[in-house]
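Here the structure comes first, spelled out in structure tokens, and everything after it is commentary.
Per-chain residue numbering starts at 1, and chain names A, B, C, D and E are given in the order in which the chains are listed.
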């Protein structure tokens, strides 16, 4: 079943156009990744999905309904969770509060604070610390946990592994896989191929605000040379 | 572009008519009203150099205004200094006080600057009202502020004094026009538009802000001195923060950042005040509503109306 | 000793006056110039309720609620239009509302002085440390402390406080979690107005209720808020204590210098800590 | 876009067309006797201005609205209790050919109007501002004050202290030129009379908290508390003093500390407070009886001191110039300078040519419970000090 | 020392505990173009801020032409010969393109000395502004209000402003950010034209561009320099590949 789609979305920042007629589809249960270099427009695509950017033209579709006019808080409640690029931990809330706010505001479901603390015990250790005192990896776990606690059907992850030590990345990848195996749909943004190759079923390569290539992970392996040109040095 | 020029011309004509009419009308109340408008306009265009051009909201201009008035009054009444030197002294005192306030206030920016200038000016108000009563006359103020004694003209005649005010106003306006058009004025605008870039271009942003504040202080000082001599009286009330509020309202109504806008703003403010206060005692509230609407819908005040340079996006 | 008790009452009155101002700044980034006007409105509405019902407590309960509604209206009708602009526009708007609220008050209640009597149970003074301390002052201390505690619990411990803090820390992120940031902003502004009015009602038995009262307190509020660090509620409490105690000492030893002492404290603070004495990044509650 | 442009042009046009409007609106008619009333009609003193207006209008109404055969016309202007608007509005009215300036409320505005009156040679009548400097020796020729001076009221305080047998006085004085010198004056005279000044605090004008000062007073052995402050400050002080029950063992008094209006703002705490009174509706004389009846008929209320003084001063002025049967300003001023007003609502007033101050009796009263139709808290006149004990010779 | 040498010695910049630049030491040789690359959050822009004076150092030294400029304010560094463009366009809205450049030219040529004359009266300023205008290819846009330009043209103006003081060291922070595909070519030509004879530091994500214009590359990761060398060397560097492609080492 098609969970979410962007249809021919054009998005601008002031007078500069960031997305040119971008179309993306995510089906229930999939892991999809958007790859591409800095400034390619990947983050903007996620922002457009969660409603932080409104397309100047094009549609946002959720389970077949046109939700283009909805606000971020409404989209959040429909079941879209968002883990932003720079984590955006609420710096005047404690770690526990950063989680509680999601519990309070979000939907109820399988994800509870207890489960989160089981999955990321370090967050329990630091529950009463201010959110901005965590290390980068811990902040990332917190950001993911916060989004999970809204019990979304679709989880948007913007560079979840950025700036993390390899060991922690592996840990994160495992968690994401488990989350997906439990039925949650993931849409992932990454600059490099490491995580997408391990996790994603399908890939979109974005460059200069347009989708340059899309296909399954197997396709990507087959066209590796060409893709690397789009994203590498 | 042409629309802008026509708008400018129209504004210029209205102001010119306003200035010329009193010369031909015997009606003294009109002379009085326009005298007052021109004096406040001088204050407002000085204020706008800081607020509209450089982008700093000062709530402390009342202190500079009052200081000028006191400088003239005290020098002429207690030290026998002539009126014209007194007027220059008022400019200098305004400028020096602005420099001193700037030493504190320019350490911060934005809203902090507004609050800090407010607090500093209010402190001067309190000093002038009681601790310095020996020289300021305390809350009772000082009556009998003189007018100029020049060329054997009787400036105690309001028509004659009006001529003097017009002369000072036009000099002030011309200087301000030059200043705003000069590289210095451009640099001040640059500071408002983007202070990071201005510094990157090699401008000393702090000293530009300071200079704007000082020049503005000189304008406020001269305007304060003229007002004191127009009404033959000065009191610390001139230093009260509501005076800063008034000049702010005038400037926003007229159009901040424009040369002629603040003058029209002053004219509108004084006219509304004159007319409304005869109809209703609630004129200040009505003025408040007008001000609120202007803030929300007319970003560039009356000047924007004439020039049609509202950003269309703002209106939605 | 009695000077400490009196100083505390001065301090908590100052805190009640300033709390709403610093709350609104901390959470919305708006300097509410109309704070003094809302304080005055609170006192007048409080007077009206006390006058009609004969009960100070009903006034204390309902007047702030009514003024909070006025605050919400101001936020929805005007402030909301200018959030995306420079902060100066928000300041300008609230400045305009001073004029409107002042004249509306004049229109409704006329020129006469109004008075709210000291509540019956606080009529008699209490002997303490060799002085007669007005029992209403003790009430002010207790009430001020209770309000600061309640504010602390609300902002720091409650679900609503958590939402408010999240919305002020990162409105976009809070939105994606389902927070209606628009409504939170309206609520915060209304709460600020509520606190202003609460200050007005609590002050009512101490001062004459008249049209100029808002003008005279706003400077004090600014001083407390600047010294405490803009937007910092804890800072506001500490700054109120500092200022209240300084004033109590000033009234004892050099009455005529009290006002200048206030400004000296302010300037001293800004010389050394331009962002306020108690400014700490991060937690704002 | 078209509509927007239209709106803009319309706005611009409207603005342009309002500019010359005032000239048209205010064509003056010289065919009447024009009084410019510059008073406070807004802010904390708005109440005073409104009462003065009622008193002044009644004075004119009671003589059929005419003076010297011409209709009397008032222009009332709000000076916002600030000198600048006072002068501004007075100048405009003077341009219309005003024959008398009446006001203002605050001494600062009054002094500003005074310099205008001197310069324009237009008579100026003061019926409220008490600052001593308004009527200086050989001061402003065209300015007259028919109401009390602060100095005279301080003398009443001295007389009261003597009469009541108060031995030790603790004072609180507004930090303001006029009140400071008033206190010094009182202190000198009180000491001469054997009264001890045990303390004095200068409190900032507009002070909102007297609790520390009140505590100091309560701990002192003073038996009299002098408050040299008026308006808000006096009310605030009395309210807060009431909360420690200071009136129970000390006498609170001051030059113009209480009247019915202030007492209403103070509440129960005003009971027992003594104060100088400028005018009171309870005064027993025919002129006052007539005035109070007329005032109550017109306004449904007892006249305040502000209304009474305004009425009295204006009627006096009009009586005098009616008698000159002249339209010459100098004649008016010369006549008023030496006039004696036998028919005052306060009994008798006498203008002193040396300083243009009315010499008059001093009234003193205490706040007591009032019975309907009197206000809840009302002044009871307890003393009437003779003019000679209050004024020194010219 | 030749004009245009820039060196940093163990510089550190931290924001509330986080070390954004953590001990960078490097000598930038006069006349070379250094491409600075690295993933998001590597500290590239912060490094530039440290060099231009916008960020306060918590340690280390910056030398410009052999002179220690560590404590110097932004405008003073500009006067010594450091130019800079920003990642987020910082042009003066409300002024025309020419006025933008004239402002820069004035600061460069006169420092406001004859401030009372109308701004239009200075032929040298106009000449300088117009020559840069031509250099950045915006002559036809001279009188357009700057904020109405296309994004690409705004980026060009941004570069022009940095160029006006004729700096010996030029810091360019993503001059091509947001520039459309079709405009990349001309923009690159512009960069190639203006860098001649200057020391240039260029942050850019478009690898085609970086590879083609740079004489040397500096790769930053987590606030430190991971590698530096010629484009070929960097392309062949395994560590760099790992950082970019995320391949296992």
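Rule of thumb we're sticking to: a contact is a pair of C-beta atoms (placed from the backbone, for glycine too) under 8 Å apart; a residue touches a chain by one contact, two chains touch by 3 or more.
Note that this is a predicted model, so its numbers are computed, not measured.
Asks: Check every other chain and keep only those touching both subunit C and subunit D; list them.
Replies: A chain counts here if it touches both subunit C and subunit D, which gives B.
Asks: In how few steps can one go from subunit C to subunit E if every step must land on a touching chain?
Replies: The distance in steps between these two chains is 2.
Asks: Tell me, please, which chain's centre (mean of its C-alpha atoms) is farthest from the centre of subunit C?
Replies: E
Asks: Taking each chain's centre as the mean of its CA atoms, how far is subunit B from subunit E in angstrom?
Replies: 41
Asks: Indicate the whole-number Å distance between the mean C-alpha point of subunit D and the mean C-alpha point of subunit E.
Replies: The mean C-alpha positions of subunit D and subunit E differ by 72 Å.
Asks: If you average the CA atoms of subunit B and of subunit D, how far apart do the two points sit, in angstrom?
Replies: 34
Asks: With chain centres defined as C-alpha means, what is the inter-centre distance between subunit A and subunit E in Å?
Replies: Roughly 32 Å separates the two chain centres.
Asks: Could you list the positions in subunit E whose residues touch two or more of the other chains?
Replies: 16
Asks: Going by the contact rule already set, what residues in subunit C reach two or more other chains?
Replies: 106, 256, 259
Asks: Listing for subunit D: what residues touch at least two other chains?
Replies: 42, 175, 204, in rising order.
Asks: By the document's touch rule, what are all the touching chain pairs in this structure?
Replies: Those chain pairs satisfying the definition are A-C, A-E, B-C, B-D, B-E, C-D.
Asks: What part of subunit D is in contact with subunit B in the complex they form?
Replies: 4-5, 8, 11-12, 15-16, 18-23, 25-26, 41-42, 77-78, 82-84, 87-88, 91-92, 94-96, 107-108, 111-112, 114-116, 119, 131, 133, 175-178, 204-205
Asks: For a test of understanding, state which residues of subunit E touch subunit A in their complex under the given definition.
Replies: 16, 37, 39-41, 150-151, 174, 177-178, 180-181, 205-207, 211, 222, 234-235, 240-241, 243-248
Asks: Can you check the complex and tell me which residues of subunit C touch subunit D?
Replies: Subunit C residues touching subunit D: 2-3, 6, 9-10, 13, 106, 110-115, 117-118, 122-125, 130-137, 203, 205-212, 216-217, 247-248, 251-252, 255-256, 258-259.
Asks: Flag every residue of subunit D that touches subunit C in the complex, lowest number first.
Replies: That would be residues 42-44, 46-47, 50, 175, 201-204, 206-209, 211-213, 215-216, 218-219, 232, 235-236, 239-240, 242-245, 261-262, 264-268 of subunit D.
Asks: Under the touch definition given earlier, write down the residues of subunit C that touch subunit B in their complex.
Replies: Answer in residue numbers: 31, 78, 81-82, 87-89, 91-93, 95-100, 102-104, 106-107, 215, 219, 222-223, 226, 230, 256, 259-260, 263, 266-267, 270-271, 274-275.
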